[in-house]
Structure formats: C-alpha cells, structure tokens
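I have placed the structure first, in the form of structure tokens, so that the comments after it can refer back to it.
Letters are used for the chains, namely A, B, C, D, E and F, taken in the order the chains are written, and counting of residues starts over at 1 for each.
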C-alpha cells in the first residue's frame, strides 16, 4: 500500500526554516521503507503556492553569502529523486515570474523530472487526492 | 481509537505552539488514542535534557514524561536538527528518541490523522 | 474532503482560507488566532468571520489572553482540547495548521 | 548621567517571546548600577502601540492554563518599580478597549504608579527624547 | 570610532537574523568600531557549544571566535534564557559570557548606537 | 531625530513606518524585506516604495534570494554590510529593527 502526502509551501524562504524543512522532509520519504512492511510506501509531493513560489527563484547565492545551502539546492535534489513538484501558475503570474526565473529541473546533475507550473485548481485536486496535507 | 501523528517544526520555545502540541497529545492519549510526536527544526529544543523550570517559560518535560509512561505516546527528535544546535545523544530527554527525518514520514503511514505544524 | 483548519495567528493566514475550496471547512482558532473571535477593529469584527465556515475558539487560549467564552463573537463556539481531539478524529478527514 | 531607553512593543503576546522579553529587559534597568560608575544610570520606559496594546489586557490566565507567568504579571512588576508605561489611546480606541479592560496599576502589591493611556503623539515625543529605541 | 550594542532576542536559528547581526558585527569591528553583542530568548542558541556544522544550517561559531580575538567584540548570553533551554555554564561557547539582563542595559549606557532585534 | 529603519520582513511592518513621523527616515531592506525592492504583485511594485523615504537594499540578502542589484526598483539603492555600518554611525541618530 502507498500512502500519499502533499507538502504545501506558503512560507517565504530563509526567514524561517519552514520551506527548507518541508523539502528535506519530503525528500526523506525516499528512505521510509526501512520502517515499513514489504510493499508499503509513503510518497510525498510538494506544491508551492502564494509567497511560497519565491522559494523556487533560481540563482540563490545563499552559499556564497551565508555559507548555507540555498532552498533551490533542496528543490533540485527533490527533482533528481523524481518527486512531483508543483508551482502555482496564478501566483507566478501575480509576481510576473516565468519559467525562466525559476529552478525548473536537475538536468545538470542527471535529473529527469521537471518542476510543473500548474493552475491552482490542479494543486487543489492534489490536495483532495492525497491522504494527508502538510502545510507551512 | 485512532493514531495521530504530530510534526512540530520551527515552533519557538517561548511561543505556545509546542505547548499546544503537547496539550493536544495529552488530551488525545487520555481518550485512548495513540500519538507519535516528531520534533524538527527549532522544536528539537524540547528534546534537550536539563531545562530549568522558570515561571516565565513553558516547561513541558513533566507532561512529556507522564505521556511516555502511558505506552501510547512516542516522541522522536530529528537527529541532524539536534546536532546542528549542539544537542548530542547524551543531552537528550529521557525517553525521547532520535532518528532521521524518514521516521516522521513512516509514522504517517498508519496514522489516521497528521497534524503538521510546519511554520512558527 | 472535510478539512479542519487550525488557525494560530491573527495577522496572517486569512488569504489561504479563501483558496481552500472544500466542503464547508471547520476553523479552530488557537493561539493568537483567538483574537479573530474576541477583537473588533474600528467597531468591526474580523472579516474572517464573514466567510462561510464553522468557527471554534480554544477556551484555554482565550483565557490565557484575558478573555472568556462570553467575549466571543456569536458565530464562534468555545471548545476545549478534548473537543479538538474529537473533532480531529471525527469531523475532518484532513487537518492543517496555519 | 542618565541614559534613557524606550522599549516600543508592537508584537502580540505569547506567539513569540518578544513582548515578555521587552518587559523583563526594561525591568532589568533597575539593577544596572553594578556595571556603571557612581551617579550613572540607565532609565527604561515602555510604550505599547498597534497590536502591542493587547499585551495589556487584564485577567490573562496563562498561569492557570499553561503554567507560565502572564504578560500582565510583568507589566504589574514594571509599575511596582515605578517605570513609565505608556499605552496608545488611538490603538485602544481602534480595538474598542478602555481602561476597564486593562491592567492599569499594581495597587494590590503596593505599587504607586499607574499605566498611562496617551495619544500617539505623546509616544512619538517620547521616541524623540530618549537616547535609544528598542522595538519589537 | 564608535560603539554599537546589538541585542538579538527571539531570532531563530534557521532564520538569517542572527547571521545578519554577526555579519554586521564583523563589518563594524573591521572598521575599528567596538561591538557588544547580547543574546537573549531563542538567540541564546548561538551561545551553545558543540554545534555541528551542516551546510543546511548557519554556523556562526567560527566568525564569533575570530571576532573575539580582536578585543573589540564581546558576546554575552542571558543566563536565565540559557538555563531555561537547558544550556548550562559548561555548555557555553568559549569566550561567550553569561550575565543577567542588566548587562545589556548597562552596555547601552556608553553605546553610540543600539540595534535591538527584539522580535523574530 | 534622524531615524534608520532596518526592515527585515515582506508582509509585516509597513504600517508602523507610516506612523514614524520623523525627518525623512532611511529604510534599509534586509532579509525578506528585500522582496519590497525586487518583487511586483499584479504588475505593481510594493506600496512601501511610494512613501517619501530613502530606500536601500542589502546586496548580500538580494543575492541569497536569487536577485542582483539589477533587479532593484529604481528608487532603491544597493548597499553592503560595510555601507550599513557607516550609515548606522553617520547617517542616523537612532536605529530600529522591524
């Protein structure tokens, strides 16, 4: 059996650890089998809405400036691990941001999955369909 | 009777969010439910042993210890979050476990409800 | 889905509630969220309460801030931790904390 | 010489420690002489503005409910120690709060000073006149 | 050259507010100013010795230690705030002092500027 | 008084700036405050920038969030930690953090 979780990120980056921890915990779903019976799984996906979409901005120089991994780095790891990443189109439009402004893939480290810019209605459907919602 | 998994993340000591989560656990366990309690981010402060009880500050150690004796309550802190704050294994509150983040994800597998307190 | 929203703040979070287009969600006001139920500004109660939702406020948090159930807006019902546990398991399929 | 500080509290109570720490630090001005030369002093006063005025609500049962000193208790201590406590009238009016809703004195523990409900302009004057401003 | 007193209160480890205060101190000391740095509330987390450096987390210990060697930088943690969090005297970062809150107030006496980071 | 305001947030704090009726204050945007200088909503820049103040944004915090000085609204000047130190001691009599 597979249980499905959706992490919904509304928080801005850096001011708190919220968005970073959402990503690192979502990624941890990949190693959950050691605790579960054979065939059981927990599958996590991630949606960015509202101010949360600003976490996806590319070229974050947090390592250069503060010596810490940028949120973008965790996002890239989640794509490398084939996780579903949804970014709300209406919120991007509100900020005037397009795909060109965002970290959309992990191509340079061998990832195959891309982040998906989707209408909010798609994210709402995902919220309906998963077993548990994890907001921040 | 059900199982509630609570994840408390960046909640400040000094806010009452951690207090909320502990009191909610207490009420749930009293009604016969099981509670798994995950501490990550700044909430790992709750896992630090030797906190002095001042009246100006929440002091949740006593309630946590009572909950642990019921057998229907588990509390686990994120190991990396704790180490990053200088809390080592020997500094951990008695009965509080330490694991990597997948413990929390695994706990949600058979949880009836998940309360994820992911912000402050 | 039946959604239970635990709302812990006064100044943030109302925006997302509008976007959660589910069956009439329940909103449990806790922490500084209880000010939505006790406090008027310029004579007007919180716009949050005008939304078509069912509202509850945690008695323990009301009292910590100097209020009682008597101070509550008529649209909000006082609940205890015990009630919140029952709501979590019986009234909602999913719970979020904002 | 006396240096004057003004703690300005805009934060709501309890969600963070901000207002509690503002009060406890202001109170600590009373024991500052041990660090200073004879005759030198640091004098702190406190102003509540915006959402911060809600810290002054009376009958806070935080001890009964959570085992912690209510903010009101620190406020009372500051009045007992004759500190100047200013509460913004316009903000109280906005919330429909009056003196009857607030912790205004420490009479029951022998205090002589009362909190003062003053127009914002008075608080602004205090901000101008002190040496340093300490906001939260 | 002047003296700057910085009070950092509830700033979260995991936010960058503490990092801001430390970097500002560094820039000020480099320019020949003196800095007194007061840690209270959750900011006392910075005074905890033995924090493991992870790339996901700020690690300010090195900069603080370098600043201490200049002789123009003092850092002091609120003793009660530290004890309430289970940080005892022997857990304190080398060179970081512990005092009661009046230390901070006294430091403002001859400060040219005070930067009070009183919230998050 | 000459007041320097260090503004560290995007969603809170603008209200108090209106109330600080001092000589033209300087506002240094740091942390998530830098979004005021880089981010438009619905095509409009932050209303904060319409206030009669002098604005600066901390380069280190811009870059951490994926922006550069080129992304700044024309009313905002990029500064470094070094500049902020000089401003604190030379341009303002009092400093607040909001």
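Everything below uses one rule, namely that contacts are C-beta pairs under 8 Å (C-beta built on N, C-alpha and C of every residue); 3 or more make two chains touch, one makes a residue touch a chain.
Here the structure is a predicted model, which is why all the values come from computation and not from measurement.
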Point to revise | chain E to chain F, fewest steps along touching chains | key: 1
Check your understanding: What chain lies farthest away from chain E once each centre is taken as the mean of the Cα atoms?
Key -> C
Exercise for review: Considering only mean CA positions as chain centres, point out the chain farthest from chain D.
Suggested key: A
Point to revise | Same-site or different-site touching of chain B by its copy chain E, using the half cut | key: same
Review point. Between chain C and chain D, what's the gap in Å when you average each chain's C-alpha atoms?
Key: 29
Review point. Between chain A and chain D, what is the separation of their C-alpha centroids in Å?
Key: 43
Exercise for review: Please work out the Cα centroid separation of chain D and chain E, and write it as a whole number of Å.
Suggested key: 25
**Study point:** Numbers and ranges of chain C residues touching at least 2 other chains
**Key:** 8, 11, 31, 60-61, 64, 94-98
Study note, to complete from the structure: Among all residues of chain B, those touching at least two other chains are 10, 12, 14-16, 41-42, 56-57, 113-114, 116, 118-120
Revision key, fill the gap. Residues of chain A that touch at least two other chains are 14-17, 24, 66, 132-135
Revision key, fill the gap. Touching chain E in the complex, chain A uses residues 14-17, 20, 24, 63, 66-69
Practice item. Please give the residue numbers of chain E that touch chain A in the complex, ascending. Key: 12, 14-16, 19, 55-59, 120
Review point. What residues on chain D touch chain E, complex-wise?
Key: 3, 5, 7, 11, 16-18, 21-22, 24-25, 27-32, 34-36, 40, 42, 44, 131-136
Practice item. Provide the residue numbers of chain F that touch chain A in the complex, in ascending order. Key: 8-11, 31-32, 35, 39-43, 60-61, 63-67
Revision key, fill the gap. In the complex, the residues of chain B that touch chain C are 2, 4, 15-17, 20, 23-24, 26-28, 30-31, 33, 112-119
